[in-house]
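Naming follows writing order (A, B, C, D and E), and every chain is counted from residue 1.
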Amino acid sequence: MALLDVKNLGISFGGLRAVDSFHIEVEKGQLYGLIGPNGAGKTTVFNMLTGVYQPGDGKITLDGNDITGKRTIDINRAGIARTFQNIRLFKELTVMDNVKVGLHEHYKYSTIAGILRLPSYYKKEKEMNEKALELLKVFDLDKEKDFLASNLPYGKQRKLEIARALATNPKLLLLDEPAAGMNPNETKELMDTIRFVRDEFDMTILLIEHDMKLVAGICEKLTVLNFGQVLAEGNTAEVLKNPQVITAYLGE
Amino acid sequence: GNTASETTDAAATTETTDAAADTATEATGATFKIGGIGPATGGAAVYGLAVKNGAQLAVDEINAAGGINGTQIEFNFQDDEHDAEKAVNAYNTLKDWNMQILMGTVTSTPCIAVAEETNKDQIFQLTPSGSAVPCVQYDNAFRVCFSDPNQGIASAQYIGENKIASKVAVIYDSSDVYSSGIYEKFAAEAANQGIEIVASEAFTADSKTDFTVQLQKAKDAGAELVFLPIYYTEASLILSQANTMGFAPKFFGCDGLDGILSVENFDTKLAEGVMLLTPFAADAQDDLTKNFVAAFQKAYGEVPNQFAADAYDAIYIIKAAIESGKVTADMSAQDICAALKTAMTTISVDGLTGAGMTWTADGEVNKAPKAVKIENGAYVAMQ
Amino acid sequence: MSFISYLINGISLGSLYALIALGYTMVYGIAKMLNFAHGDIIMVGGFSIFIVSTTLGLPPLLGILAAVVICTALGMTIEKIAYKPLRKAASPLAVLITAIGVSYLLQNVALLIFGANTKLFTSVVTVPPVTMGEGQITISGETIATIVVSIIIMICLMLFIKKSKAGQAMLAVSEDKGAAELMGINVNATISLTFAIGSALAAIAGALLCSAYPTLTPYTGAMPGIKAFVAAVFGGIGSIPGAFIGGILLGVIENLSKAYISSQMADAIVFGVLILVLLVKPTGILGKKINEKV
Amino acid sequence: MAMLEIKDLEVHYGVIKAIKGISFEVNQGEVIALIGANGAGKTTILHTVTGLINGTAGKITFNDTDITKMPAHKIVSLGMAHVPEGRRVFSQLTVLQNLKMGAYTRKDKKEIEDTLQMVYKRFPRLEERKNQVAGTLSGGEQQMLAMGRALMSHPKIILMDEPSMGLSPIFVEEIFSIIRDISASGTTVLLVEQNAKKALSIANRAYVLETGKIALEGNADLLMNNESVKKAYLGE
Amino acid sequence: MKIKTDKIKKISKSSFTIYGMVIMAYVIMQILVSTGSLSSLMEGLLVPLCIYVILAVSLNLTVGILGELSLGHAGFMCVGAFTGAFFSVATVDLITIPLLRFGIAIILGALAAAVFGIILGIPVLRLRGDYLAIVTLAFGEIIKNFVNVIYIGTDKNGFHFSMKDAVALKLEEGGKVIINGAQGITGTPNDSTFTIGIILIIIILFVILNLVNSRAGRAIMAIRDNRIAAESIGINITKYKLMAFTISASMAGVAGVLYAHNLSTLTALPKNFGYNMSIMILVFVVLGGIGNVGGSIIAAVLLTLLPELLRGLNDYRMLIYAIVLIVMMIFNSSPKAIELREKYSLKRLFTKKTKGEDA
């Protein structure tokens, strides 16, 4: 059974049917791409998957659990983490702390213990630091761990967002245009990192991207969205050859 | 300025004496250092500044006439913004200045807080206008004005005994110590006087521009008289709003109403027939008042109100007590306090706010409240 | 019958709140700052008129004119000296604090010049009162004038923002000063204009406030200023009709709760209703729901 | 005579020197590309040229006018438009209001209407959504709006900061052909791009920026074949 | 109004300095007091200074760390003050050990303010920015208004309560009115001391600084920086907002108890518990640097001392105070002024050419 199973998902904004009878099945461990023209509804799909928007209709199942219409935090706890099209870091926190906030649910000690500095505080903080550092190393951010997030260059901010999402130990990772604003070299690096994350963390990844090099380079399967509806789906190579996709999206 | 500054309570007594003695020998002659405290800024500044000016006028007069037993007075007035904490700060500032006698504070809440301190330090305190009961709860504190209960009871009695009205409405400031203090006692005494309170309506410091609702309720309840234990600023609005509504009951107030005629640009016709219990009327025809009003107007360009009169009296009362208690400027504040405490109960002062004022040991003044009525734009004594 | 007169009195109080709130919301919506000194500019307007028409004995209209000129100049000067240097400060609260400083400053300058004594203000309104219901209910000329003036101002402001170039510039400036600058909008001039209009409105509000409640002290503007701020939020921040409706409602609620619930607790009730309304409609009565695109 | 001339420009953020003495020029009718890594200072230069921030040293002239210390709105009314980084659309205003705002410096209603129709023709999506609140547009739609808004002022020169960011491949092509069009219609273009390959392919000349300094400059096709450029910016 | 913050990270780095500063101030003041070289004014100001420091630091938790604008801090202070004073006056004959009585009063004041913090916080923290600000302002005014109409007295039959007037309490002979409406509470024992004030400051600093550097504190700051992102990684927004808000409220309550026991009379006036006071506390926070705990302490001290030090100016005192406030704010926060200062200080430290990352 698929890890993420979405059926007949739809939402309207006023008169605009932004997403309509959308469906997708993402298998565990897959690297899956969601592409489509600007305004096709990709980010909106992500927003419904993560509870930012309430789906108008349809059903979302994650690992057998129905998560349709749940609150964002519950969906995160159920196992979906994401990054944002417009970077949303905790700008006034350090790089390290950004990741540690991601670890929040997994290394618990009470607020009282934190204030009184009980042993559990030191123990858990130590574990957290280790775990966070480990994650930062993956993204080559360990040297900047004490920088304020807002002082990081753009490309590293994108990476930090991924690291923070991973820290919540999700089953499914959603990336919204991770390569936007990166130059070709940085994009290449990012592709390696995404692949590494998938392999190392045994992660399932669904990503939105307009950079075809990245999509063609790392995605195994694709769904193409156009005017809120699925235009095509299947193996990357096939989909990218689909004439409809070429006229609507790729151009030639 | 004075460089010597005393510190802890224990050391204070001797040091102050030394400091005072030093200046006494070095300078041509020591002075009495009288401090004053009251709001000089903020919404209550109108009362504090009146006191400041009234007291200064008296001090200048006394100094010009050669001082008290030949000793000049120094007067130092500090702002308390009508706040207890600031009042204590003001008090401490005055202490650093080596104040010997305190004339203050002007408003009740700060006065209660400062009374605690003067009692601890044993500094004589005479408040011109702090009318709440606890203002003079200690034996070192006295007051020039009536106490709130006193005014509340006296008002009810006056209305009852003279059969001025039997159905009374009250409009008072429920966020103000003075106003709610009078109201409370008035209500209690009204019952004894056979007065029926048909409406008791409050307002607060935060909504004191529109009184139409309170007036309407008084009107609907058939009140013949509206009792206004409030200050004249609000009262002048009430009068004009009642006038607009076509509601014309009798109005009766306490000393807070005094000053209403001197509000700049006030249409005195509105106040026609208003009765008030006050110890002071700026239009009184006795020489003392006439001279005072003239001098005050000359100095500050405005007609003095009751607060100014209370303060003016307070300085003369202090003078009388100093003379009677044989106090000299080189005595310590504590010695002065002890002497004045006793002297206060023996003196009798004819002031602007009462003739033959005497004091009991509990700090209260004995003087007859004057009931006056505003007729043709002037206060006329009633009987 | 008395209900109607409570209501009318509430509306007349509320129309003043509304009038002040219009000026408040103007500055607040465009310059994105809580101008705590707004109430004190009203006070300055009141004193200007008092001097011109009462002390100098000139006609009231001249007084209003003088007040508008003085307040406008004052508003623009304050903006230039005290607010502009902080426009790019790290925190938008910085300018809020200088606004408080300006408020203290105006109060204390007025205190030094005019003293603390209450001045009685002669109404500048010549509209005759209207009497209804066999003389039971009177609507004062001031009330009629205030309502009419605030409706006119509301409509003018709405048209100004919607139709005029300067109004459009204000909208742009309120959202993103840098981007507005890139459109060729003179941001400084626009904000200055906003303050000019806000302060001119304050002068008019001062004239009507002091006419309706004819006492004048250095602290006259403070409380109505805050109430108007509450009214502006009540109606929806930045919404011009919202400020009007918020003001009227505030006045009516205040007076009805004084009349029917408790005159002591009226303030608490007004604020309580405000909290309840905001809980149901978190952006005020007419406030736009701001949807943040994720 | 260059249309836009930047001489020895230095820019500081507080005590940090972001631009360390840069000189370059843009001639009438050219498309000039400015490329460089993240944080090289491209955006800073554009901001300084349009007057959103002030340089600490150097001189900028635009059509013989010294605009070094001129406030942005005056520079804009001289005929310069700027598509800023991060789009910066007025998110509470509708698409149409945003576009109208772009024409703020212009007076003639008829001409503005013509330009509007031209913008709608280039970006049909904007016409479809003319009454949508700009903040709710998708990322790519906002980018179109920012571009359209800049065109509304009918500028002599247009500065673009990463206009292709977040656009679909087909639309990236489209955007570059639009830039070519704009240039062909006589508007000078100063283009900042991450997509260096595309940028160089339409540019006449280009400058390569490295940490606040110009490292390389020259004809676009020459740079395209430069080994170090290829390695660092074209991802080859 | 969105609150941005600068350089939050200062907090952890400088927490040591902050404790040091407080303790040093305490020691110096104690030495000055015992050698008698402190003026009465200064001595009288020691407790108020502690009160305003606590208020400023605690409001910084809401404004700086949680990033919400609160204009009702004085309301919580009021709740604490009346609760504490009520307890002390009611038990002044029962509990004869002042320190014990005062300790309980502080705890009760903090608890009462915390309860109000929760009551207000649960519904209200859904609001944002200015709307939250206005609701907290409204809350403060409600409290002030409410306290002014409460009458509580005691006699041998126990407590009596009324919202009408003291007469309505129907106290028996010998009963006493404890809270008398607008006349408030009088005769609160004078239990507040500088030492207790300093101890409370240190406790509060300890709580806040440790909180900020713990799991919960990070969550709170994450919410401040980006609510949507925080939600997306599973942070319970309501819980942490409420936590910060309540802790901040309870600390204001503590300040209130200290306030009530410093003066013998307690009334709820616009001056001490109205929005003006809330705004004044906000001034401390903003002037000291939002999110900068040490800064709020310094600002609270400076701005409390300033009007007292200006007393020599008599009539011009508040005028000068207002001007100083404006000038300080501009000097402290205007980007131009900051730039000038940086340059100036750089020239002074001519050996160092660039300052690097810290800026």
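Quick note on the criterion: contacts are C-beta pairs under 8 Å (C-beta built on N, C-alpha and C of every residue); 3 or more make two chains touch, one makes a residue touch a chain.
Because the structure is a prediction, the values reported are computed rather than measured.
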The chains touching both chain B and chain C are E
Touching chain D and also chain E, the following chains:
A, C
Name the chain pair with more contacting C-beta pairs, choosing from A-C and A-E.
A-E
Would you identify the chain whose Cα-based centre sits farthest away from the centre of chain E?
D
Taking each chain's centre as the mean of its CA atoms, which one is farthest from the centre of chain A?
B
Between chain C and chain E, what is the separation of their C-alpha centroids in Å?
30
Roughly how far is chain B from chain D, going centre to centre by Cα mean, in whole Å?
73
For chain C and chain D, let me know how many angstrom lie between their CA-based centres, rounded off.
42
Would you give the residues of chain D that are in contact with at least 2 other chains, written as numbers and ranges?
136-137
Two-or-more-chain contact residues of chain A, please, as numbers and ranges.
43, 52, 84
Touching at least 2 other chains, the residues of chain B are 41-43, 174, 204, 206
Return all touching chain pairs.
A-C, A-D, A-E, B-C, B-E, C-D, C-E, D-E
Within the complex, which stretch of chain B touches chain C?
41-43, 45-46, 48-49, 174, 201-204, 206-210, 212-214, 216-217, 220, 232-233, 236-237, 240, 244-246, 262-267, 302
Give every residue of chain D touching chain E within the complex, in rising order.
13-16
Residues of chain E that touch chain A when the two form their complex:
5, 7-9, 206-207, 210-211, 213-219, 221-222, 224-226, 228-237, 243, 291, 357
In their shared complex, chain D is touched by residues of chain C numbered 165, 168-169, 171-172, 175-176, 178-188, 288, 290-293
Chain B residues within the chain E interface of the complex
5-8, 11, 40-43, 78-79, 81-86, 88-93, 95-96, 109, 112-113, 115-116, 132, 134, 173-177, 179-181, 183-184, 187-188, 204-206
